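Both complexes shown next keep chain A, but they swap its partner, so chain B is in the first and chain C is in the second.
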Partner chain A sequence: MRMICLALLAFAEAVALREAAVASPVQHVLVQMPLLVLAGFMAAWDLKIPRGWAVPLLLAALTVFLFWMLPRNVDWALSPAGETAKYITLPLLLGLPLRLSWPWLGPILRGFLKANALSMLGVLGFLYTHAPVRICNSYLVSAQHDLGFAFLYLAAALACLWAIPVLFGHPRRGPLGAAGCSRCGA
Partner chain B sequence: MSTASEPAAAGHAATEPSAAPQAGAVKLTMILSGAVFALMMVFGLIMRAAQGQWIELDPALFYQILTAHGAGMVGTAALSGAAILWYFSGRHVVLTAGIYWAFLGLFLLGVVLILGAIFVGGYGGAWTFLFPLPALSGGAWEAGAAAAFMLGYVSIGVGFLLYYLELGRQIHARYGSLARALGWNLILGREDKNPPPPTIVAAAAVTIFNSIGIILGAAVLVASLVHLLVPGFEVDALLAKNLIYFFGHVFINASIYMAVTAVYEILPEYTGRPWKSNRLFAIAWNAVLIFVMAVYWHHLLQDVVMPPWMLVVGQLVSYFSGIPLIAVTAFSTFLYVRGSKMTWDLASSLLVLSVAGWSVGSIPASIDGMISVNKVMHNTMWVPGHFHTYLLLGEVAMAFGFMAWLVRGKTISQMGGLDRAAFATYLAGAAGFVTVFLFSGAASIPRRWAVHYEEWLTHDRIGTLFSVLVVLGTLIFVLRFVARLGRSEG
Partner chain C sequence: MLVRALPSVLAAVIGGGVLWQATDGAQAFTSEAARRLDVVRAPRAVPAVQLEDMAGRQVPLLPQAGEVVLVEFIYTVCGDICQIAAADFAEIRDRLQARGLRVRLLSVSFDPVRDTPEQMAIYGDAHDADGAMWTVARPLQQDLPDLLELFDVTVIPDEWGGYQHNAAIHVITSDGRFSAVYDTDAVEAVLAYAGGGQP
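Let's look at the complex of A and B:
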């Protein structure tokens, strides 16, 4: 129940950020969209699925992720149709299936997904900080640069977040636990 | 924990970790590596003979062969190093066989893509794929060929990522944290009842820096791919160069740092004294972990737009990067060998040679890392001169030494006539070959030129003769390995 409330809260927060999302791509792509994903993630917190569903759900989530990674679709998300699609697909087709499949993913696959996320954030940072063209029609070139740097900062932060427990052991379980946190899957 | 590892091949009753699980997969990898090393050396020989104008070679083909030789050699060095590290890590942690096979499969897929890109698509932009060259072929190759080449790299990178994830995961499971596996307890003087053996210290360090290299390398590869396929997207050329050399430097060095575990694990069988981690050893490896990532700036000493402090760091760290580890490894090897009545068979000779070759090769490398020298030596044959030293006489010697050890059997006996001849041929050939490169560099002969001036031909021809010896020695090592493997398995 608590998780459902949190999910609703995240969703409400995302809706409240509508104006901000129009104003700045950083708030759109790195605040509002993650909040929507989080809403779906939280909503599915206590649900369990059989193992066989994990891979199809993961693929669905990744496809939706890939779709929203394309700059053109970020533009589209500001139009009425696109906005509706965003509010529906990000929680229900990305956050939710990701959360459902995550407990079933092996540690190597998780590690791979994380490493891949870092690389892709790097690629986005690479392209957005230097593209000679305006990639999104709805935003200024300067905002595009800010977004590029924001991607890079995010990559650095996530890298630290994921690497520190591996380097120094998990703080809560003492140095010898190793199976990873089974609840959050970190 | 993990799924159980595959039972070891080749008749060992694999119950304890020391019985080398997945020996079959590793042996297969070493056959592949040996064969590719030999083939790529023949490519090298062809290039050298073409530079010396003993054979005709279309320059376009020269650059394709140069690309294949560079990518093929670096890839094979990494592959053989990875096989060695996997084999010996398996003595200390339990590793999943499936991951190794996935790694090998992705690696071979990458090789197919790369070879196709070069010899079908005509890609000849060198193994460093420096932005924006792959996109500016001047008609020599299509964008698709360059893209296939980079996709090949991506495939190999993914394979290595899986490899390191598994290695890192199992080390973490066994030692609780990578910091402990890096020997931090030894460094800080804390008690550790089960200190990490040298192989694990090496494995932990390589896992960390090569994973970082691969993640950054993947980013620049994919960004370059985007640029190639959607030319509207530009990337910052200087940033791309930084990332590419970071990745390249780290990746090729990692191959030696992985292969050196063969020295740590095999030489004690000969000297009778176990190679243990101590404080100095742990400090050296931790230093390497930092330095190997900070020295790539020595590749950018000509880029005047780089912030000067970075180049100064590149120069300073170039001295320090090799020194602690090589000093500790070489010095320990010397002490171990000197105080014991060692039997010199092919394996032990090659392994001791490899430590020496690695140490010697780092000297011209450090010299070129000086900004004042680099102004003259950059892009001369000095550069292939130094890296062929620590690759031919270092990494490749480690790999061949490991192969000789794999098929040695239980008894250790002195080298026979053929082994001695092969060893001498290889040593003389390699030493002569790299010396010629270094002389050419000192004479300011540029690297990566398909067509050489009249005045340079003597260098090229002497180099060609020496490389024939290297190829001969290699052929004997590889054929001997395959023959003995067949005998012991059959």
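Let's look at the complex of A and C:
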């Protein structure tokens, strides 16, 4: 119940950012859209699915993710039809399936997805800071640069966040050495 | 094994299909590329709109008697891209004139409130648009939103009291349809297209 409330809160917050999304691509792509994904993620927090559904749901989530990453759809998301599509698909077809499939994904696949997310953010950051043309017709060139740098900062932050458990062990499971040895039976 | 993989394969195929559709077959990733592709595939009928030129005369947007019309959207106090684009527009005019083609060039202001005929004349003077083959003109304020929508031109105010807009050369062919979009510096391509249907 608490998670549903959090989901609704995230969704309401995203809707409240409507005006800000028109003004700034950073607020649109890196605040509003993630909040919508978070809403779906939270809504599915306590749900479980059979293992067989994990991969198809992950593929659905990846499709929706790639769809909304296309610059033309960032423009489209500001039109009435696109806005409706954004509010429906980001929570229900990205956040929700991602949460449902995540527990079934092995560590290698998780690492692969994280590594790809980082490299993709890096490429996008480079593209948006260096493109000689406006990539989105709805935003100013200066805003496009801001978005590029925001992608790079996010990539750096996520890299640190994801590297900490790998390098120093999980905070809840104790240091890497002990956990690793107990797991391999030493 | 096959049965277990089937839902995943299906999801991958549907996902690939959606993304293929969403990018017009991996051809258009930005809305600018998408509008250019769409216009070529499905030319759009241009309404009979009258514009006011630098001399205060009424000029039609639609091509008259078999001519081709090239349209650029501008605002006269534009500091960067419109100035460069205007130089390229002048070159296109000169070369079309030399070849004797029936083409009319229009720089259409999307800021009709500030761009009075006097203001447009200053812009015309600066770029050698004499009003004969190439003129600067403004629509009525009430016609502007429909025009921008028809040509898919997005105009947003910038930080310095000006605007940013997707600058391009829009071609209206002699049948009165908006049929192609070119980069403002694609001089050769515009010349080839505008001269294509005529001897």
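The rule is simple: the second predicted complex is superposed on the first by the 175 of 186 C-alpha atoms of A that agree within 3 Å, B and C clash if a C-alpha of one lies under 4 Å from a C-alpha of the other, contacts with A are read in each partner's own complex, and residues count from 1 in each chain.
Here is the rule we go by: contacts are C-beta pairs under 8 Å (C-beta built on N, C-alpha and C of every residue); 3 or more make two chains touch, one makes a residue touch a chain.
Note that the structure is predicted; figures quoted are calculated from it, not measured.
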item: Chain A as common anchor, with chain B and chain C clashing or fitting; value: fit
item: First (chain B), second (chain C), both or neither touched by A:L30; value: neither
item: First (chain B), second (chain C), both or neither touched by A:S138; value: second
item: Which superposed partner A:L6 touches (first chain B, second chain C, both, neither); value: neither
item: Contacts of A:L62 with chain B and chain C, given as first, second, both or neither; value: second
item: Touched partner set for A:P107, first chain B, second chain C, both or neither; value: first
item: Contacts of A:L70 with chain B and chain C, given as first, second, both or neither; value: second
item: Touching partner for A:L154 - first (chain B), second (chain C), both, neither; value: neither
item: Three-chain overlay, closest Cα atoms of chain B and chain C, distance in Å; value: 8
item: Chain B and chain C contact sites that coincide on chain A, given as residue numbers; value: 133
item: Parts of chain A lying in touch with chain C, wherever the complex brings them together; value: 52-53, 55-57, 59-60, 62-63, 66-67, 70-73, 75-76, 133-142
item: Of all residues in chain A, those that touch chain B in their complex; value: 107-108, 111-112, 115-116, 118-120, 122-123, 126-127, 129-133, 159, 166-169, 174-179
item: Residue numbers on chain C that touch chain A, as the complex places them; value: 4, 7-8, 10-12, 14-16, 18-19, 22-23, 28-34, 154, 156, 158-159, 164, 166
item: In the complex with chain A, residue positions of chain B that touch it; value: 1, 99, 158, 161-162, 165-166, 168-169, 172-174, 176-180, 208, 211, 214-216, 218-220, 222-223, 226, 232-236, 239-240
